[in-house]
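Quick one: structure below, then a few questions.
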C-alpha cells in the first residue's frame, strides 16, 4: 500500500524562508512503514494491525483515538517491538535519535532492544493496578530499573523524588509502601514517574486513565502537559475518549478496523473531519454541549479481525459507500497541509454528515 | 394487531394500577414481530439430550486423556462386576511362582501357593469398588455440602464449619485411619470406605468454599437474587454448574486416595482380610523378589501395575473433565447449537482478548 | 498478628480434637477400657481379680480409672497426657512414652529432609517447567510428574528398595544405620545415617510432589501485566524469574504445599515399615498390627502434635513471604 | 420514537398516594475488620450517610459521583439488595425490610416487592451465567415471576422480547452461550432479563460505561424506549456526567450528585449543568471534557486536594470542606442540609443563602478561594 511515500517535508503553505526553524520543528521521531501484526489462528490469519504507515513528530502530543477492537493497543506495543506472542510484527519502524540518527527498531539485537526500551521509548499500560510486582515495594521497582540501565546514581534517585513531587505524590511515603497500599490514582501516577525516570524521548500511554475517576483523569492530563514541557518528550496518548484528549493533543490519529483512517491537527480533525467514521464518532460521543437530539450512535458493529470486510473496512456502516468502496481499500490521501484521510469521497463528507459540535463548521482551510 | 404485540401491551398494562390511556399509542412498528416459533416436545428433549449428554461425551472422547481415563475406569468396573462372574474363584491348582505370559491358563502367572494372579486380582475388585463407592459419596457429600454452605452463609456458620474443616485437614491421615481401624475392626467394605475418607473431604470443602466465595458476589448471582430466586435455587442454578469442574476433579482425587489408603492398610496387614486383595499381594510379593538371577518379579508387578493403572486413569479423567465444563467447547460440539455469525471458538475469543 | 492468633487457636482445637477422639475410641472398644486387659491376661485370671487391681491395671494402661464418671475419666486422661503418661504399651510392656521417645528424632529427621528436598526440587523444577512451558523438557517433566503422582508413594518406596536396595546394593536394605558402627557423634556414623535415610526420604518426597502445582501457578504469573512491564523495563531474565515469577507463584502454592506436608508426615508409617526404619511410624505399624491400642493412640497423638507444629512454622514464614498476608488460614483457593 | 413526556418534572408527589419508592434518612455503614487485633473495635466505612430521595412512576433519577461516593451502595439499598444500617426504604408506602422480616402489618408481600425492583449490572461478562444459554437465562426470569405459561408460550414470549431489543433472528440468539455474544448484545440480554420481570424500578449500575462509545447512545435510547413499553422507573448510576445528562434530559428526569456518602445536589439536568449550586458539582462539571472547539484549556484542577479522603473517618461538617476551594470554618462544623434557597434545585451548601453566617467566617485557604472566584468558578 503506498502510504504518503517518503516522510517529505513537502511544500507546506507556511512561508518557506523559515525553513530551518520549521525543519527542526517537524522532523519525525518515529516513521512507520507498512507496519502489520498478524496472529496465526486455525480459522485463518487475523491481522490486528493492517499496513499502518504514519509519522510521529518530535516533541508533539499525538492522540491515537479508536474504539475497543480497533488495534490501537497493538500500535502502542509495536512502537516498542513488544507485541504479545504469538503475534508477528512486520514492516519497518524507524526511530530518529536527538541527533537525527535513524535506528531500525525491528532490527535491533535483544541487548540493544533492552537498552532502547525505557531509555528511548517507555510505556504506561492501562492496567496500572497490576503493573507493579505485588510483593515488592515501589522503591525497589525504581531501584531495579535504574540498575538494569546502569543509572543507579545519586542524580537519578534525586530525579525520582522530583518526579513524584511533580505528580503530587509524597516521595518517601509512596516509595516505601507496597502497591496494594496505594489508591488507583496514586498507583497510576507512580507508574508515570517510573516510566519517566530515564528521561525517555517518547512516552507511549495506552488508556492510562481509563480505570480512574473523572476528576483524577482530568488532573493527570493537566499534569501530563506540564511534565511534557518540563521534561521535553514526545507523548503518544492512546484512548477511546476523544473529548478527554482534545485539549492535550496537538494532532489526532483516528483508527478503525486495524488501520489509520484519518490523521491531522486536533482542531481540523474535530472541526472539519474528512472521514465519515470520524464524523460519526464525533456525533456519537456523549458530551455536555451538543443538544441531545443531534446525538446518534453508529449502526452496525466493528469488524472481527479474522473477517475484515473487503475494500474499505467501514463501507458496511458508511452512508457514502459506493461500489468502489467495496472493492478498493483507500490509502491515506493528503486533504490539508498536515491532514490525511483514507476515503475516496472525503470532500463530499461535509454535507453528507454534518458535525454537531459547537465551533465546528465546514471551513476546510483552517 | 399481531398476537405478540397485544400480548406484550396487555401484559404491561396488567401490572399498572391506573391502566394508562396508551391503547392507541402503540409502540413503534419496530416492536411488532409476528414470528412464532413453535417447537415440539421431542425437539426440546433432543436438544436437552444433545447439550447435557452428547456434547460433553464428544469432548471427552475427542481428548486422548478422556478416552484413556474412561476406558481404564470402565475396565475396573467391569472387572468388579462382570469379571467376577466370568473368572472362577482362585484355587491353588497351578504350578508355584509361574512367571506371567507363560501359560494361557495362568496369563499373569501364579503366586507361591499356585493361585492364579489374574483371578486374585479380579476377585479382589468388588470389595474395592464398594469401598470406593461408599467413600466417594460420603466424601463428596461433605465436601460440597460444607464447602457451599460455608461459602454462602458467611458469618458464624462459616467460621464454625471452617474450624471443623481445618481440624480434619490438620489431622495426620494414615495414623488416624490406623487408630480407627485398630479400634473399630471394620469388615464391611462400605464402612471401611467411609472410614478411609473420614478426613479426605476437608481438602475439597476448603477449595469449594473459596470458589463459592468468589461466585457469591458475582453479578449474575446477585441478579438472580434480585429476581427473587431462593438461596437454594441460586446455588443450584448459578453456583453448582460453575463448581462442576472442581467437583469432578475432587471426585477423581477422592477415588484415588481411597484406593491408595485401602491398599496401604491391607499392605500393613491392619485390615481384616480372609480373601486376597491387591495390598496383601503387594505385601507378600515385594519380599519374594530376589535378584541373582531376577525371579518372581511378576508376582510384584501384577498388583503394582493394577494399582498404578487405576491412579493414572483417575488423573487423565480429571484433566479431561476440565475441558468438558468449558462452555466454549460445549457450544462447538453441540449439534443443536447454532454458531451464529460469530462462529466462535476458543481461538477467536483469544484473538479478541488480544485486541484490548 | 491476628492470623497467627487464629492459627494457634486452630492448632489447639486440632490437638484437643485428636486427644478427645482417642478418649472416645477407647470407650468404643468391644468391652470398653477393660478390653485392653483381655489382650494380656486370659479371661480366667481377670474374672477372679478383685475390682481394685483391675482399676489399677486399666489406669496403668490407659491413664484413667474406668469406674469414675465419664468427665472425671476425661480429666484424668488429660492429666496423665500432660504428664507425658500415654499409658503402657501392651506388646512392649513399657510406658508408651519410653517406647516412642527414642524413635522420635529418626522420624523427624526423615520428614524434615523429605520436606526440604520436596521444596527445593518441587519449586525449582516447577518454576523451570513453567518458564520453559511447551518445550520438550516441560512436556516430558509434566508427564513424569503425572505418573509419579498417579502412583502411591509406598509403591515408589518398594521399587526404590528393590532396584536401589536389593538389586544394585547401592543403598542398604533397611535399618537406621549400619550395625557395625557404634553410635556416636562421628562422621562415619552420620554418613551411615544419611546413607540409610536416603531411600525413605526419597520415597517421602514423592508423596507431596509439588512441581505440578507450582508449574500451574507460575504459568498464571508469567501471563500477568507486571511481568510484561518488567521485561519492558529491561530487567535481566534472572531477576524476573526469581523476584517476580517465583516470589508470586510461591504464595498460592504455599497453601497446597501444606496439604502435601500433612500427607508426608503420615506417609512415614508405611515407609518405615518397608525400610525397617525404626521410627514412630514403625511403632504405629507394630501397634496397629498387634492391636496395641495405647501404643497406637500414643503415636497418633505424636503425629498430630508434629503436624500442628509444622503448620505453625509454615504459617509464620508464610506471612513473612507475602506482605499482604492474612496467614495460611486465608481462603486462598488451593 | 415517542418523545419525552411533557410536564414539569414529577418530583412532588401530587396525587396523594405514596411515591413508588421513598428513601428516608438512609445510611449504610460497613465494618472493616482490620487484621491488627480482634478486640479493637473495627473501622467503620460510612458508605452512605442519611440520604433521602423519592422516585415516582416511570421516573428517571441518575446518581453521579466519583467511585467511593456510595452511589452504587445507595442504589442497591434502594432496591432491597443491601440492608441499610439506619433509615428506611418504602415501596408504595410499605417498608421493604419490615415486609421481609414480617414486622408489623405487611400490606405488600415481600415476594411482590422483590420482583418489582430489578438490577442491570455494568460488566456484561460477569452478569450472565457462562454455562447457561440465553434462552435458559431468560426462562429463569419467567419462572421466577411464576408465569403460568406452558413451554411453547414461554418460548414465544422470550422470542418476542429478544426481537424487541433488536436481537434478531431470535431463535439464533436464544440458543447461544454468553461467550458467543458481543458486549453490546450481552448488555441487551441482561436488560431483557430484568424487564421480563415487569419491574417498577430498574437500578442500572453504570450499565453503559463498559460499552464502546458508539454503542452507548444506542443502549440508552433502547432503555428509554422500553421504559415506555414496560412503564418502569430507572435509577441510573454513573461516574460520567455526559452519560447522565443524556439520559436524564431524554427521559425528563433528575440528576443527583453524590459525594462521600452524602447526596449533595438534586435537580434537572438543565439546572445542574447550566448553573450548578454546589462547588463539587462545579468541579465535576470542570472534570467533564467537552468537544466544543470554543472552550479553551480548562486549567489546573480547581480543588485543594486531588485524592478523595478516606471513607472510614470522613471529614466533619460538610464532607467536601477538605477539597472545596470556598470552604470556611463554618463548613467544618455544621452539616449542610439538602434544601433550596430559591425554587431552583436543592443543594447541600450554605453559599446559596446570602444571609447565612458562612459569609462572615474566614476561608480555610484564602488564595484558593480567590483563584477559583477569578475563574468565575
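Should a chain be cited, it is by its letter among A, B, C and D, assigned in written order, with residues numbered from 1 in that chain.
We take it that a contact is a pair of C-beta atoms (placed from the backbone, for glycine too) under 8 Å apart; a residue touches a chain by one contact, two chains touch by 3 or more.
Because the structure is a prediction, the values reported are computed rather than measured.
Chemist: Comparing chain centres built from Cα atoms against the global Cα centre, which chain wins on proximity?
Modeler: It is chain B that sits nearest the middle.
Chemist: Comparing the two chain pairs, does A-C have more C-beta contacts than B-C, or is it the other way round?
Modeler: B-C
Chemist: Using mean C-alpha positions as chain centres, tell me how far subunit B is from subunit C in Å, no decimals.
Modeler: Each chain reduced to its C-alpha mean, subunit B and subunit C end up 28 Å apart.
Chemist: Averaging only over C-alpha atoms, locate the centres of subunit A and subunit C and give their separation in whole Å.
Modeler: Each chain's C-alpha centroid was found; their separation is 58 Å.
Chemist: Report the inter-centroid distance (CA atoms only) between subunit C and subunit D in whole Å.
Modeler: Centres of subunit C and subunit D (C-alpha means) sit 56 Å apart.
Chemist: Determine the centre-to-centre distance between subunit A and subunit B, using the mean Cα coordinates as centres, and give it in whole Å.
Modeler: 50
Chemist: Any chance you could list the residues of subunit D touching two or more other chains?
Modeler: 182
Chemist: Check each residue of subunit C and list the ones that touch at least two other chains.
Modeler: Nothing qualifies.
Chemist: At least two partner chains per residue is the criterion; list those residues in subunit B.
Modeler: As it turns out, subunit B has residues touching two or more other chains at 342.
Chemist: Which positions of subunit A touch subunit D when the two form their complex?
Modeler: Within the complex, subunit A contacts subunit D at residues 67-69, 168, 183, 185-186, 213-219, 222, 240-244, 246-247, 267, 270-271, 280-282, 284-290, 292, 295-298, 301-302, 357-360.
Chemist: What part of subunit D is in contact with subunit B in the complex they form?
Modeler: 1-2, 79, 81, 111, 114-115, 117-119, 121, 123, 126-133, 140-141, 144-145, 151-152, 155-157, 159-161, 163-164, 166, 168-173, 175-182, 190, 193-194, 197-198, 200, 225, 228-231
Chemist: In their shared complex, at which residues does subunit D touch subunit A?
Modeler: Its residues touching subunit A are 66-67, 182, 184, 212-218, 221, 239-243, 245-246, 249-250, 273, 283-301, 303, 306-308.
Chemist: Where on subunit C is subunit A touching in the complex?
Modeler: On the subunit C side, the touching residues are 224-226, 228-236, 239, 243-244, 247-248, 251, 321-324.
Chemist: Subunit C touches which residues of subunit B in the complex?
Modeler: 163, 166-167, 169-176, 178-184, 203, 206-207, 209-211, 213-214, 256, 260, 263-264, 267-270, 282, 286, 289-291, 294, 300, 304, 307-308, 311-312, 314-315
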